[in-house]
């Protein structure tokens, strides 16, 4: 059974409460519930973590290989600035999927560039909470492919 | 039954023959077969078009609302340069999903910016042929949401 | 009797249907009708062409001297990117008037620069369909001046 | 009867004397005469002002609504630098038409960007003194449209 | 006998008629005659194509390996903008020689960068019609080298 | 009793009439009244000047030391462009406080940089008319500090 | 009674010890004492927090609405880099005042741009410890205005 | 007898009082005295003007040919920003010498570029008040040369 | 006996496990052992700290003067982004040596600039684990020099 | 008999020994032999010079008209930086052909721009040692053309 | 008697022969004669050196204090690129005057910035050979001032 | 016994005489003595060269493998501009250590980028003359490692 870790970055604990016109109305708890449901359907074992701390996110990534074969990460505000997060992803060598709720290309110019995406397998952005569900499908495919 | 149009941009007719280290070994015919299979499973009616001509792509987008409710497009090389394509997507007002086989952030700096993505619903890049499959799932969710 | 060719670029066939808050509610057929009416009043013989294809636009420009003494062109999305279109205008050596429905300086930064305008006689932008009418007046004045 | 104010910016008092290869041989007095003639024909009441002083231009714009319904302005050298002029145009909320004798896109790179055009209705450039005449036509159309 | 395809990009059909101070006075027909003559002398079998359409140029490149071992291409205005053309050249994997009539470094700044040259074998620019002749010599040498 | 001069830059004479969503609904006269009231409360003697002329603003600053110990200035549109104003502030050597009604960082990118602020003591922006009141407090503190 | 939270960012715990020519000689304890004194005078209830951790600052902002109606924040070094902090301020939707001890426009070029200020109500910089006092006045005015 | 006009730009009326470490200790009156003395020695008839107003400087330049054959101008802060001043110099067609007291290349980066110098005969900067004296010599040489 | 603190930044706890082609095969424990050995030889008392948390690194630097006379720091990913770290180093005023395992100039363009190095005494990069040993030698020299 | 000078720039004396994957395996002596052979075939009299010294290269160019009618130069590393070399080529006014062994557009971004090419007749790059042979052909054609 | 060294940079040995429309028709020998004549008149002892070699120019500057109290240098093409020359001027600490024959601001954009001028006393450009004569006057004034 | 060559670039012959606040008070002779002493202690055979000539530095590097196994180079002013020097270092393939006396990141922005460092093993900057001693240690370690 493929294990996946879902890592939510800074401010995502506010989901549903925060700028609903940009990020939708579902809370993080509801989204996590939805993630767990879909993971189960897909036969994935899922761990979910949220942190506002760059250092904790780095360490969660570093230790991800103990509990997962694929990383799904929404680095939120750190996407555009954190070389340290990029280095962590590059180091851990697990296939990593970058996820964004909103479409980063529809927002301010400084959100168009992703520092972290270059060392990920791929990026999914703009589908609201569904971005995570799509990432679960992608994770499943990657896991099947790696194991074949 | 939701109708989806899949539009392949320039050079994608060469898939499988072209730089397999970057784009994988499956031919466009095989990928289209896979797209049709998954569409069927998901209860989607799918039309597939490929063109190397910017003008044809523009016209396919313009007329998409006659045969589809959602557009999935891989603008390939036009992604980074075509304001005209962007204008077509903005004009047709169908939810549009931008798809890339390779991860645009892992490649040359000039591929990091997408001219077209800003007017799309979202973007999926880096999962090889699976990027299309993920886009089908996304299309289904969008269609359900719009109709609800 | 002075002959003028009016060339509409990509996506202008959607006029009236497309983003009316930006481009107005008149369809291209209505605008063309209005152009013909005004041309007649001004004693101009007018040919009207629309194409979404960069190559066709280039060829229309190349052959313009067979049917016109002045070119009026709205290069739309190609305005900001097409060196090839610029080269065609420079080559044909007919006085050329660049026209835009919307004010390019009120829109995204990437629409402020025009690749093509530098080789035109002048540019008229921001007056909706009236931009074409103003261009007809300009064409008439240029023709009179050239022939004097 | 629609009232229009025509505002000539810095150095335009030198017209006809100055760089005739760039700006033509007509003096400002001759151009103003031409403007008055065409205004009369179009049924427009026209006021004409020239100043080399940014502050005076700002104040002429600020008080324009007392004597006009449409502003036609050639900000000349201030086009590319004056945020204060831009703010005045934005504040007075009269429809404003930016005019240039020469084609700003055919000249030095620093003349391609207009600080002021973004808050105007539209821009006409490159037709020599005729740029003003075209602006009068545009003013008439705008006035008709606003009053309808 | 080595087979070479010579591909002329947009506006080159106007050669001889167009800006002779920049591009010389020979027509494309004359240049093609000259190319055929030299090809014969060098023992090369030559096919010549011209198109103003980016999509057609892409397809000519894609199918070039059916009729040639070396591509000589003058992408003209597309040189500085077409990622799609670059991708076609990279995909077809035939040795490709980029040719320009004028010296791109003596012209406007935006012509100094070539989007396509980076995936070509080499570039020859500035020798007028002779640029093609030099490319034929280069093609011959490359073919000999590849076959040795 | 500490003397303060308040200098309003271009277009501020329009306050209350102009873009109330950006600058609020109070007129300059009302704001000046409010400034005088607060100055009195704080034991400050206040002179108030407004000008749309860069040259007048420069001269008001140059002569400020004859009537004030602290300058409060809202350079408005000149903030982002006027090296001459910056030089005047640097030259007069009175502690100077730059004030903005709106938050310059929430507006267009070209308003984020201030040419003048670098030679001021500090900057207060975004509090509407209250920005001036805060500047009065700041002026009082600076004056006390300087005299201690 | 209006509640205000004052958030000191990284390295501000060193105040008074650190580069006194840039930041003054008062320690953070002394400044906090001064803040409390002034808050009391103004009838404000004040909570003060300092952290060197971006994550903690984010969480303090996220939870600010439980203990305050206005945020006063000096993001220090994070001002110029932290998109995550910006997102937190945007999310919590309390009126927020950005404060700097030194004038950011008098320092290195990279300190001129503030990533966070764009989502704040306003910014006060350059008045040493008095920047906080001015922010308290501003907070009081904002609270009165909101409640009126 | 050659006639020369010396035009001092904004803030130069403060010379000697202002930042003596940058501009020296002589007042403008003393410098003008020195200029008159040297002009007399060189057999030049000199007119001296100072203004802080861009508009006045423009008009002084426009009318310079009535009272001078050579212009010596120190545009001070307007050097780096005024396209309008540049246009005036270009229009008047008198040989013009740009002068700076301080070395513009030793100061802030934004002072390295001169908008006005490109249309002047030459530039002299960095010699304090002597820059004017050197300009007088240059003016004399230019006048001799023109008249020969 | 001179006291030195060695501070390892984010992801350095992964050394030896992480991208050995870039960073070498020695683990952090082995490198620390090597550091201690060399420190002893050089008569230096060494404290070693590692953290992935920007805030902890800042605080370790802030308190460094309690346990060290020289700081050796490898800020890793924070090198290129952390103004807060730069401010901490500038504040603590201990001589600080920046160290990198890999040569930052041989890597991606965004790693060429160091935000932190400008306030350090010097920088050593590219010698693998030996970079630390060289820094110990440097620390010893600096300490001797300061105490002499 | 047409005389040609071939000038090899810095580090080309190392050819064949140096990075053979980039520059090929032939030594400079072998290449020079090849050049002489082809020159003889083409009826050209050839002089060959190599220098690592910018000053010597400048002087060789300056004196080239004493021994040649055409210059072939590979400025190597100086291509991208030497304004002085550019000035020498512009001054000597002999037709000059810039040559590169490798394709400058396939290498680092800083090699894409050529400071020197803008004053040359044309540029040939990317054909290894054959670039020189092609330049000889070009030289012959230029000489014939000039003498006709 | 004040001693001055005049240093001519690369390609200046070609003066009079080279691009007379840009640099005038006088040869370097004639200019040197003129320099000697004026130096004598001004009571200056002058040494004149020309070199095309950056290294020789550096060494001439380094040793200038043995034979001169003031340096006059025209760094020509090295002006815009040579940090090493800048360092030499900064090191020798003699007052240095940068001279250009042509007006660097009237030429290509890359000639507007001077790497060397920032460490010189001043710069004189655009007066042809007279630039040197003006520099002699300046040198005399500087020497008098230093000795007073 | 490992052989090392130490190459001093332009202006380093002035050390001790030149800007002692930036580069220290020791002369090059004293530094060389110190280098020789430490080399002896470390069992290294050292050759020392200084040149102000880019060409000589290039040739010294080219021939370094005849007399050394490691290069230590301080390219001084050429660090930031010389592609030719970079090419020489890349070509000679000896491990090379770049050294700077001052910290290049504490100086002007144009000194932050090193053109040469990218092809060196590593870089040591900011330790004054000790930078060379540290480089000797580094050289010894590299030599041991290569021979093991």
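Chains: A, B, C, D, E, F, G, H, I, J, K and L, in written order; residue numbering restarts at 1 for each.
As a working rule, a contact is a pair of C-beta atoms (placed from the backbone, for glycine too) under 8 Å apart; a residue touches a chain by one contact, two chains touch by 3 or more.
Predicted model only: the values in this text are computed from it and were never measured.
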item: Minimum number of chain-to-chain touching steps separating chain B from chain D; value: 2
item: Rotation in the CA alignment of chain I with chain J, degrees, nearest 5; value: 120
item: Of D-H and C-D, pair with higher C-beta contact tally; value: C-D
item: Chain centre separation (chain B, chain J; CA means) in Å; value: 47
item: Euclidean distance of C-alpha centroids - chain E vs chain H, Å; value: 54
item: Between chain G and chain J, centroid-to-centroid distance (C-alpha), Å; value: 63
item: Interface hub residues of chain C, defined as touching at least two other chains; value: 53-56, 81
item: Chain-chain contacts as defined at top; value: A-B, A-G, A-I, B-C, B-E, C-D, C-E, D-F, D-H, E-J, F-G, F-H, G-I, H-K, I-L, J-K, J-L, K-L
item: In the complex, chain E residues that touch chain C; value: 9-11, 13-14, 17-19, 51-56, 76-81, 110-111
item: Chain G residues within the chain A interface of the complex; value: 53-56, 58-59, 62, 81-88, 90-92, 115
item: Parts of chain B lying in touch with chain A, wherever the complex brings them together; value: 103, 105-106, 112-114, 117-127, 130-131, 133-134, 137-138, 141-142
